[in-house]
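Both of the next two complexes hold chain A, though its partner changes from chain B to chain C.
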Partner chain A sequence: MEELGLLMQGFSVALQPENMMLMMVGIILGVLIGVLPGLGGANGIAILLPLTFAMSPVSAVIMLSCIYWGALFGGAITSILFNIPGEPWSVATTFDGYPMAQQGRAGEALTAAFTSSFVGAFVAVVMITFVAPIVAQFALRFGPPEFFAVMFLSFAAFVGMGRGSPVKTLMAMMLGFLLAAVGMDAMTGQLRMTFGQTEMIRGFDFLVAVIGLFGISEILSSIEDGLRFKGHKAKIDMKVVLRTWLELPRHWAIGIRSALVGCWMGITPAGATPASFMSYGIARRMSKHGKDFGKGRVEGVIAPETAAHAAGTSALLPMLTLGVPGSPTAAVLLGGLIMWGLQPGPMLFVEQKDFVWGLIASMYLGNIAGLLIVLVAVPWFAAILRVPFSIIAAIILVVCAIGAFTVNNAEFDIVLMLIFGIIGYVLKKLEYPLAPLVLALVLGDRTEEAFRQSLLVSEGDLTVFFHGWLSGSIMAAGIALLAWPLLTAIWPRRARPAAA
Partner chain B sequence: MTMQHIGGRDMPRAVQAPDGAAAGAATAEAFVPERRAVAGVSVRTMEIATSLCFAAAGAAAIWDSARLGAGWGADGPQSGYFPFWIGLLLVLAAAANLLPLARAARARGEDSGGPDAPAMFLTWEQARTVATVFIPTTIYVAAIPFTGIYVASAVLVAWFMARLGEFSVWRAVPSGIATALVAFVVFEIWFLVALPKGPLEEFLGY
Partner chain C sequence: MPHMLSRRTLAMGLGGLAVAALGRGAAAQRSWEPNRPVQFIVPAGTGGGADQMARVIQGIVSKHSLMRQPMVVVNKAGGAGAEGFLEAKGARGNPHLLVITLSNIFTTPMATGVPFSWRDLTPISMMALDEFILWVNAQSPWQTTAEFIAAAKASRLRMGGTGSKQEDQIITAAITRATGAQFNYVPFRGGGEVAVQLVGRHIDSTVNNPIEAVTHWRSGALRPLCVFDSQRLSGTEKMTETMAWRDIPTAKESGLDVEYLMLRGIMGAPGITPAQVAFYVDLLGKVRETPEWRELMAQGAFNTTTMTGDAFRAWLEREETRHRTLMQEAGFLAGQS
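This part shows the complex of A and B:
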């Protein structure tokens, strides 16, 4: 139970008044970001990251991770009240959440959503508390081949477990790797793919890419149909909260199942979005009232919210222990670690105990604070969407431009942000997944480094990744995941003529 | 969410016969499939263009990596080693994405075009709406090096409010200036982050 002692030490860090303040600020900003179209967890944190340089890493990560929790909570508000999923993982919440609001049960739906989000996050944090140190301990023995194998596995998981076309996933990912390679090669000092342009020597900063891909593109696509928000009144009084809380324990089985699905999908980088859909699907299939789903069943809100929050939270486990983030937002936080001068990976648990355990402790506190804040302040947050879109859009554009500039104090980055915005807009409309692109852009350099170091050791022998039992089995799992879409593509084609 | 409106084919629509008042069989409602396809850029065109762009990016990477050396140097893998294979994978994946599109095009060529309208990436009407946001944003980004970010932001907010939000100029302009002032206080004074400035700030002594 060494973890408990360390956790207590973490609480003493997180409970410092300054950190508590930042936690509150983070949660409120996060909910705001989650509610506003065009700002999400990933690009919201990307915009604010440069402002945290002056803070200590612990305070900075506490504030930014609280923005993440806030954004997870905020996504549910717009899904339920406005039928607009603020975040991709809250799409499944609209299925039953919006009908509930239409029936005048908005308060019940919101309470259920927030509470189950909290439960999902709590299960995931407990899991992180006890599993992360073990994984980190284990990962201390990793060499370059093992690290490359882990990254290979995470990228293969996108192809194998993604919901869209595996070819498009692969294309988005490879583009991310290429963009990461642009600029100075850290190992030889040579300039790569700059094509004689001095602006390209710095390479593409993924924060700028994230702001463009998720922020600008979102503004462009939300204007498409002439955005009008038509929402339902949000009012939560204590009576509704208590009544819903009394009812919720009846759905404990759904809660536990969804939390487990979420934790699993969060650690493997499938992410929160598939987790929410999957657990919604399971809940519908296993329910006696399965055909009533989509008409306003509270289970239809509990299942996706629990899973999404569990997945979003547990995405930090591989980020902290292996340096491989499980979601775009976790990737941005990872970028933050590097900027604050911390080396992500298992050594973090040995060398930066205060940082790691302060962060984990703040996850407990941040989620409790988040639950209270959203329950109390829902009407105010919902009122934001009544501000005309012309004002919101202009301000978000200005905020994005300032954010892109402050990353490197480079005016050219604002141009890049706009270009990434167009790319993101086109790719999103053609259903290319953006998460693998961002993750490849973040991890590209380190993946390449692990790859090249492995080859250096083996003197160019590619089988080096299969020499150790550990890297070998991780690689094998990755290859199996990569082959999965091919297998499923062949399978039904064989089966169909027989059935016809 | 936004995709469901696009791409839906026009439903066959009941059309009244021209001599609607006349008695007899001619008055029966005839179902004439409406051929007025929604004008715009089709998903297929964009798919092909995007795949070609991806392939071009991959080809550029292969070319540049070959220039740097994509093999094995005296000190290990050369700089171009990793991007070379990534570029190759990208070209192959783009080709794999194009293949079904090309096959579908050939199939359509054979039955010389059915009545189905192609799925739309963006109708012209939507394109116009998107342009109302996109063009000012582009001008905004282009103007920042010359005017500084504060003046450009004030103009952008005022423009959006006046043109898209139909606010009166008397409300839009002060709002724009207020946004710029708030940004100035937050970044230059609180966070001590210097943002791009132009002639106006210089004139005011910053």
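This part shows the complex of A and C:
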């Protein structure tokens, strides 16, 4: 096979001592960047990009992509330990990861998160290695109606997420859409709902809102409970990693499904964040223990993490083959390619074989190295929870504030974060689910854009979403998922009399 | 055509500025240089053309040690760049702040009514002008601009572009005005996305910048019809088997009287001193001499016109008026509908 030969050649590039060292540096930096909320992979890479001018393109891209892997790994850490998502795609990880930490199973949750991340990335890299050209062609089929269909499917997979009343779920989702609409309307170039305030022009950044809604409101709740941290003390013990590993193969089906969802979302390119939400929603739907999701099921950590990492990795494929970034981080890397004198796009695979296969080989090695590094650190991460919460709460608050500031370098965002913290606290008290709000806030913009672009293309014809076989079948799947709760409500009613 | 600034004229310009500074008796200002890190604001998102250029400049400055203090690139993309421009406008007298400008310095305030203009900033240097090319899918039947326009007149075609009421839509409106052909303009987030939508035939045409579509041209997926400049592009190296940048006809040659170039320039905060301006003019001049910069210019088939001082101001003045006319004709001005 031609690919294997090229891959081996790639490994010989990636395994040069200099490149191996850059890989390690990249992973460690990436984990740190991922841990800090707000400073995400995209910012981290953007800051370090100019440093790579002096390196060869292969070395530079290896280091920067390793930062990316590291950030993907690191995002899970604060989500699980403190309910603060370090990255947008780890929001879904908090739903079950944080309850697990509260039950004293932080080590287990972290191990599951890191391992699933690795599995997701590995599946995606194998796919990139062998089917890159075919898959890249598939991405070309995605026009606005297909994008909208994918977004619709994400929402459909997620409806009924909250255990509360459907009305409250719907209201939270609508609030999310409302918040997402603030700022510039990309379709008409007009400012919406800014009320003439300069600070509102930016709109509400998803990360700032999430840091407030999850992180700050959690601190407020803990203060109410007298600053006691609800979790038991975590033991510093490497054995927890091995014990979790013995457990994980049982969830192979979720792993495969989530990896596929992730790869697909990465290529299309919808990105890692919707992938993680969609995968979590589907896992909850498919599971026999769906009702226990959100109370600390390990599947609730595996599903979003596998999908996020698979999507994050496969997002590099449309960037390399088409020049379309599948994620903000990929967008910065894309800028990097151009600066190193490489032209991303269909010709890259033909003209720059060394670069492309060196990068792919480094994806294998980088992820293996990353997994080892973070797993070794699991007990130490988990041990952070042993620090008295009254001390850690103050540190979290400061880190959150720094994170909120870094997103846009704006002081106003810190105020916003605090406001969102209070909103989050109140909503929790009133038992409104936060997840649908966050989902609508993160996907609202893109969904609206895709919807309106479709209507522009079709000159107002709503059936455009069912014209193509691709958008039509995705929409059909979405509608089926939406109808699922109705179906399951009818099903047992019919089955019960027979059983009784 | 604006004159190309040679090294000598640049030196003369600098000399003139230095003399002017001396003339004001501000001896202390003669050799100003930054004593804090310089914040370089990009009023657009990460990964776009302006962002790439800013980061290349940052990289060149640090690689060749052109400045003692570091340069820090910050993206302030909110409100089609209004956020970045407002911050620069508010930083009166701060010499440690630069902003890279694109056409949104004209279009954003006109379309949204957010109060700022280039007059609120201190123009430092025009780095280059970005070209626009009319692209269609290689499988489409249109071989020439005339065929394309005839088809667009027969039935509305879909034109994809970056953003709303910005350069791509302005060009589309100008084509409509010049020929009467109607388009369904569909705005997308970035130039790369637009190019791929055209490759996938979800839209019929685009006016992508060269750098956004070049790879698809080379792979045989797209076909350039004309370039919206008064003269042909300079690249003579064959990009496909049969064509070089130079072989693309201008719009005017093809019977389409539309011209548009996008500013890639650098400005400073309002109220900075001539000595401070002179420092940055000199710095950016050095940046343009580096091989990395030339490489970027060649890759993106940029129009390498540069300007500083009064010439740059006069150019900005002309372009502002032209944008106002173009946008008014298209009905894009704030409050117009």
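The criterion applied here is as follows: the second predicted complex is superposed on the first by the 273 of 500 C-alpha atoms of A that agree within 3 Å, B and C clash if a C-alpha of one lies under 4 Å from a C-alpha of the other, contacts with A are read in each partner's own complex, and residues count from 1 in each chain.
The rule is short, and it goes like this: contacts are C-beta pairs under 8 Å (C-beta built on N, C-alpha and C of every residue); 3 or more make two chains touch, one makes a residue touch a chain.
Everything quoted here is computed from the prediction, not taken from an experiment.
Q: Could you tell me if A:409 is touching chain B, chain C, both of them or neither one (first, second, both, neither)?
A: In the superposition, A:409 touches chain B and chain C alike.
Q: Once the structures are superposed on A, label A:262 by its partner contacts, choosing first (chain B), second (chain C), both or neither.
A: The answer is neither, since A:262 touches no partner chain.
Q: Looking at the overlay, does A:203 come into contact with chain B only (first), chain C only (second), both, or neither?
A: second
Q: Based on the superposed arrangement, let me know which partner A:339 touches: chain B (first), chain C (second), both, or neither?
A: Second partner only.
Q: Give one of first, second, both or neither to describe whether A:142 is in contact with chain B, with chain C, with both, or with none.
A: In the superposed model, A:142 contacts chain C only, not chain B.
Q: Once chain A of both complexes is superposed, is A:187 in touch with chain B (first), chain C (second), both, or neither?
A: both
Q: By the touch definition at the top of the document, which applies to A:167: first (chain B), second (chain C), both, or neither?
A: A:167 contacts chain B only, not chain C.
Q: Pick one for A:456: touches chain B only (first), chain C only (second), both, or neither.
A: Both partners.
Q: Kindly classify A:50 by the partners it touches after superposition: chain B alone (first), chain C alone (second), both, or neither?
A: In the superposed model, A:50 contacts both chain B and chain C.
Q: Taking the two structures together, which residues of chain A meet both chain B and chain C?
A: On chain A, the residues that contact chain B in one structure and chain C in the other are 50-51, 185, 187-188, 190, 409, 456.
Q: Touching residues of chain B toward chain A in the complex: what are they?
A: 1-3, 5, 43, 46-47, 50-51, 54, 57-58, 60-61, 64-65, 68, 72, 75-83, 86-87, 89-90, 93-94, 96-97, 121-122, 126, 129-130, 132-134, 137-138, 140-141, 144-145, 149, 153, 156-157, 159-161, 163-165, 167, 175, 179, 183, 187, 191, 193-196
Q: In their complex, what parts of chain A are in touch with chain C?
A: So the residues of chain A in touch with chain C come to 42, 46, 49-51, 53-54, 139-144, 183-191, 194, 198, 201-203, 318, 322-325, 328, 331-332, 334-335, 338-339, 341, 343-348, 408-409, 449, 453, 456-457, 459.
Q: Name, in rising order, each residue of chain A that touches chain B in their complex.
A: My answer: residues 50-51, 84-85, 165, 167-168, 170-171, 174-175, 177-178, 181, 185, 187-188, 190, 192-193, 195, 216, 219-226, 388-391, 393-395, 397-398, 401-402, 405-406, 409, 411, 414-415, 417-418, 426-427, 429-430, 432, 448, 451-452, 455-456, 460.
Q: What part of chain C is in contact with chain A in the complex they form?
A: 45-47, 51-52, 55-56, 58-60, 62-63, 73-76, 78-80, 82-83, 86, 111-112, 114, 156, 158, 163-166, 184-190, 192-193, 195-197, 199-200, 202-203, 211-212, 214-216, 218-219, 221, 292, 295-296, 299, 332
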